[in-house]
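Same chain, two partners: chain A is paired with chain B first, then with chain C.
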Partner chain A sequence: MSEPTTLGSELTRALLERLTALGDDELVLGHRDSEWTGHAPILEEDIAIANVAQDEIGHAVLWYGLVEQLGGPDPDRLAFFRDADEYRNAALVDRPRGDWAFTMARQFLFDAYEAELLPRLERSSYAPVADAAAKVRREELFHLRHSALWLERLAHGTDESRRRLTAALDELLPLLPGLLAPLPGDAALAAAGVYPEAAELADAVLARVGAALEAAGLARPTLEPPADAAGADRRQRPDGVLAALLAEMQSVARSDPQAEGW
Partner chain B sequence: MSHAADTQWPRWEVLKQDAEGKPHQAVGSVHAADAEHALLMARTVFARRPSAVSMWVAPAASVRSFTAQELAEREAPTERAPAAGAPERYLVVRKASHRRSMAFGELVGEVEGANVDEALAAALARLAGEPVLALWLVEARAVVRSDPAEADPWFGPARDKTYKQQSVYSSRATARQDAAKGVPR
Partner chain C sequence: MTVTDRDPLAHEDPRRLAEFEARIAAGEKIEPGDWMPSEYRRQLIRMISQHAHSEWVGMLPEGAWITAAPSLRRKLILIAKVQDEAGHGQYLYHAAETLGATREEMVDALLEGRAKYSSVFNYPTLTWADVGMIGWLVDGAAIKNQVMLAGCSYGPYSRAMVRICAEETFHHKQGQEMVRRYAAGSPAQRRMAQDALDRWWWPAMMMLGPHDSDSPNTPLLKRWGVKVKTNDEVRQEFLDEHAPELLEAGLSIPDPELRFDEATGHWVHGPIDWDEFWRVVKGDGPMNAERLAARRQAHEEGRWVREAMAAHAARAASATGAVPA
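Here is the complex of A and B:
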């Protein structure tokens, strides 16, 4: 276990931004997954996707908890009382759930990203990040197994399943750079060993995704590493999709902001 | 009675082991496209709580089941030459009591037989005198097992999840009553 780094004010600010983005990705994806509850193709998969949703939301609580430890707002405040323009999730995770192929393809891309991110985060010089990453990684192994299984079966299933999967990937792959692009403070975090170096992480994720698609018999896509500008993806909310998601997710908490429990 | 299949996917029986040294128990079934998918679905549906250390799935078609009545009415095997062919291995799963239980039956061992009749005779000989309310013979080669090397990612996370009864999540009304009584949350 690495010794906890004492963070200066610049690193603390950068880490708060990064932890918020990590939590927002997990929470928004978890909410999208939760929309399948009662609607999944078969009972067993309904339970499976609800499980994944619950795990992702649990991971958001972990990352938001670290924000709070560093002097930021508490997790409930972060989740329920920020508007869309204050969220920092990548566009990849807030797109509407689409069909099962879209949901599984998106989950696969996110799981492949986490499969590369989390082992690197476990080596973070900031011990609370390393500890949280170890907890998250344990659950993510199973998520990846599940989404990779679906990727393979949709690719090899029927003409229809392959058509739906291909359409989903056509929409999702251009959004992958937005998930991988560095935030403005990431370079300083990487220099301090707190967070992995963005370009190296992106290369690893793109290689993993490309290999998996090829193994499933899909055309290996040309995956470009993210341009620096792709980080702005996390701030652009052009179409109101995230705002609509948040309106639903936050409605109960905002109906009684003073409520302390349930 | 309808014979229509209840799903497009085949059914798999799930055998779960709660702890090292305990027998695998038949806990229910899942529908899944293939063996690997069935194992994932079994983990999803049955590994959450109580805890598990191992899980097996078997296609429903590989399971022969016998009720106590069927066993009692079964004709005693006539003396005949042993059937030809390599012996097949079967898992023997027994339901022993009507006691309320999360499991249908539990694994009592393995038997061999050139056919189901021989295997059944071997299973009943092994269980001589013990109560049998129902018996399964499961073709051992059809059983797909979780990888012991992956037991931690497979089953570990469920152990860390606290189980809460639904009554823990109080309504606004009960929360106010608790607050009035000074019950800490």
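Here is the complex of A and C:
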């Protein structure tokens, strides 16, 4: 197992970018999920979605914590004092929460991605990543069960639920490659065994998603693996959706320069 | 029973009523299958469902700040807190169901404006510091009431209160920690904390219910061990604990007549604006319309989801039934 000091400056830079992207995906998705707290279709789902939101935000804290260990800013600094153009989340997670079908379909896609990502990260040559992945994986198992059950319920519920689920997937599936695409430094990380190889991970996720949709009686989508350049999506913020999310999220934290903390 | 009964006990069998009251006098808990006067059942359904509604509506004022919580830790704590309120609501609805009420009836009564919930949730949360002040004062007041209700004669309600109080105690500590920090923080944080206290002090005092002389249910509820203290007694406990703590934190309590009475060892407060209390209870508080509208909107937008769940469950059940064992 490598120690942080043995990464070298190029790998450290690449890992910082990757850890930031991992944390940003979790934070932004957790934030969107948390918007349901108090507004879910049944009280039991208020409880469940609040649980998922806490877990995702908790995972962001873990990934951001590794950034800090490598000499980056602390987690609150990362979350509350970067602008949209400095965030590295995929567009999939920052889209507005939509209806329950949209939220559950998005959660399912993200859970399916993590179900493939995390076991691979547990084998990372960089021990802190492997340890963090082991912690995250235990919770993600429950998320996948929850969102997969909703996929099944909505697919085999009423005509309306199926129509809404299909519409949500039509909107979300084109964004999946953006989640899977490698960042510029990922190839070097993969060569060092720190992070999984992008194409192999993408194939596994797409196969898992395709099989699950087929099992739910939905058309198996034609899922293209991401183009190499798709990772650049994480830097492009064409529509202001993320900026609006951050403006709200960071409003109190940035409101008082004299405050020593909250 | 009918609502026109002058004496709600007139139609009860005197022998059974005497046995029931003897059990309560002996400190026994009444359990769901036990005989009970219909008025006892009615009062408990009323109280427990109001309590459940308070948790459900109470998710809204604080929940509004989840997306703006200023640190990752505060964000996690707040989501967990609002989640706890959902859990309490669920637990209390179940407790009321043990008396024969259904969740659907109770929810409909709330959404149609026929049921009450705690007056305190009809005030707006205007700044982030309100989240801390609600934790300290509103949860502080709720704990006083719930500790009292943990001694209630109805088993399921009593047990729900024991469990809920344990979680509320965390909320109270978290709120207190937050407000104390802001009260000792930057000038803007101090202003925010004081402003929150100015707006939440009286609603918190009022949420413990009308003055004893205006609380017609209290004598019967005390006789049956449903309430073991009066509203004013619980309010006094809240005041005695919170007044000195708020002052020690460096905040001023918006009651010019507030003083400590050396002779009795109790704090004494100035007059409560009961007109405001009754206005809010009757639906004319600052946020009554918004709170109910938010609950109705979530209910309406969730309707298709609940229908899908039911259809899926029915399909799964019939599929299982179709397969011979």
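Here, the second predicted complex is superposed on the first by the 251 of 262 C-alpha atoms of A that agree within 3 Å, B and C clash if a C-alpha of one lies under 4 Å from a C-alpha of the other, contacts with A are read in each partner's own complex, and residues count from 1 in each chain.
The working rule: a residue touches a chain if its C-beta (ideal position, glycine included) is under 8 Å from a C-beta of that chain, and two chains touch if they have at least 3 such contacts.
If you're wondering where the values come from, they're calculated on a predicted model, not measured in any experiment.
Undergrad: Will chain C clash with chain B on chain A after the two structures are superposed, or do they fit?
TA: Chain B and chain C clash in the superposed model.
Undergrad: Using the superposition on chain A described above, determine whether A:Glu248 touches chain B (first), chain C (second), both, or neither.
TA: A:Glu248 contacts chain C only, not chain B.
Undergrad: Identify which of chain B and chain C touches the larger number of residues of chain A.
TA: With both complexes superposed on chain A, more residues of chain A are touched by C.
Undergrad: Touch check for A:Gln258: first (chain B), second (chain C), both, or neither?
TA: The answer is second: A:Gln258 touches chain C but not chain B.
Undergrad: A:Asp83 contacts which: chain B (first), chain C (second), both, neither?
TA: neither
Undergrad: Kindly classify A:Asn51 by the partners it touches after superposition: chain B alone (first), chain C alone (second), both, or neither?
TA: A:Asn51 contacts both chain B and chain C.
Undergrad: After lining up the shared chain so the two structures overlap, which partner does A:Asp239 touch, if you call chain B first and chain C second: first, second, both or neither?
TA: neither
Undergrad: In the overlay, answer first, second, both or neither for which of chain B and chain C A:Phe142 touches.
TA: Touch partner of A:Phe142: chain B, not chain C.
Undergrad: Taking the superposition as given, does A:Ile42 touch the first partner, chain B, the second, chain C, both, or neither?
TA: Both partners, chain B and chain C.
Undergrad: Considering only touches as defined above, state whether A:Glu224 meets chain B (first), chain C (second), both or neither.
TA: In the superposed model, A:Glu224 contacts neither chain B nor chain C.
Undergrad: Quick one: from 40-48, 166-174, 220-228 or 292-300, give me the piece of chain C that collides with chain B in the overlay.
TA: The answer is stretch 166-174.
Undergrad: Common interface residues of chain A with chain B and chain C?
TA: 42-44, 47, 51, 153, 259-262
Undergrad: Residues of chain C touching chain A in their complex?
TA: 56, 59-60, 63, 66-72, 74-76, 79-80, 82-83, 86-87, 89-90, 93, 128, 181, 185-189, 294, 297-298, 301-309, 311-312, 315
Undergrad: Give the list of chain B residues in touch with chain A in this complex.
TA: The touching residues are 7, 9, 30-33, 36-37, 40-41, 43-45, 48, 152-154, 156-157, 169-172, 175, 185.
Undergrad: Which residues, counting only chain A, touch chain B once they are in their complex?
TA: Interface residues on chain A, with respect to chain B: 42-45, 47-48, 51, 55, 138-139, 141-142, 145-146, 149, 153, 259-262.
Undergrad: Flag every residue of chain A that touches chain C in the complex, lowest number first.
TA: 27, 31, 34-35, 37-44, 46-47, 50-51, 53-54, 57-58, 60-61, 64, 75-76, 79-80, 99-100, 152-154, 156-158, 160-161, 164, 248-249, 251-253, 255-256, 258-262
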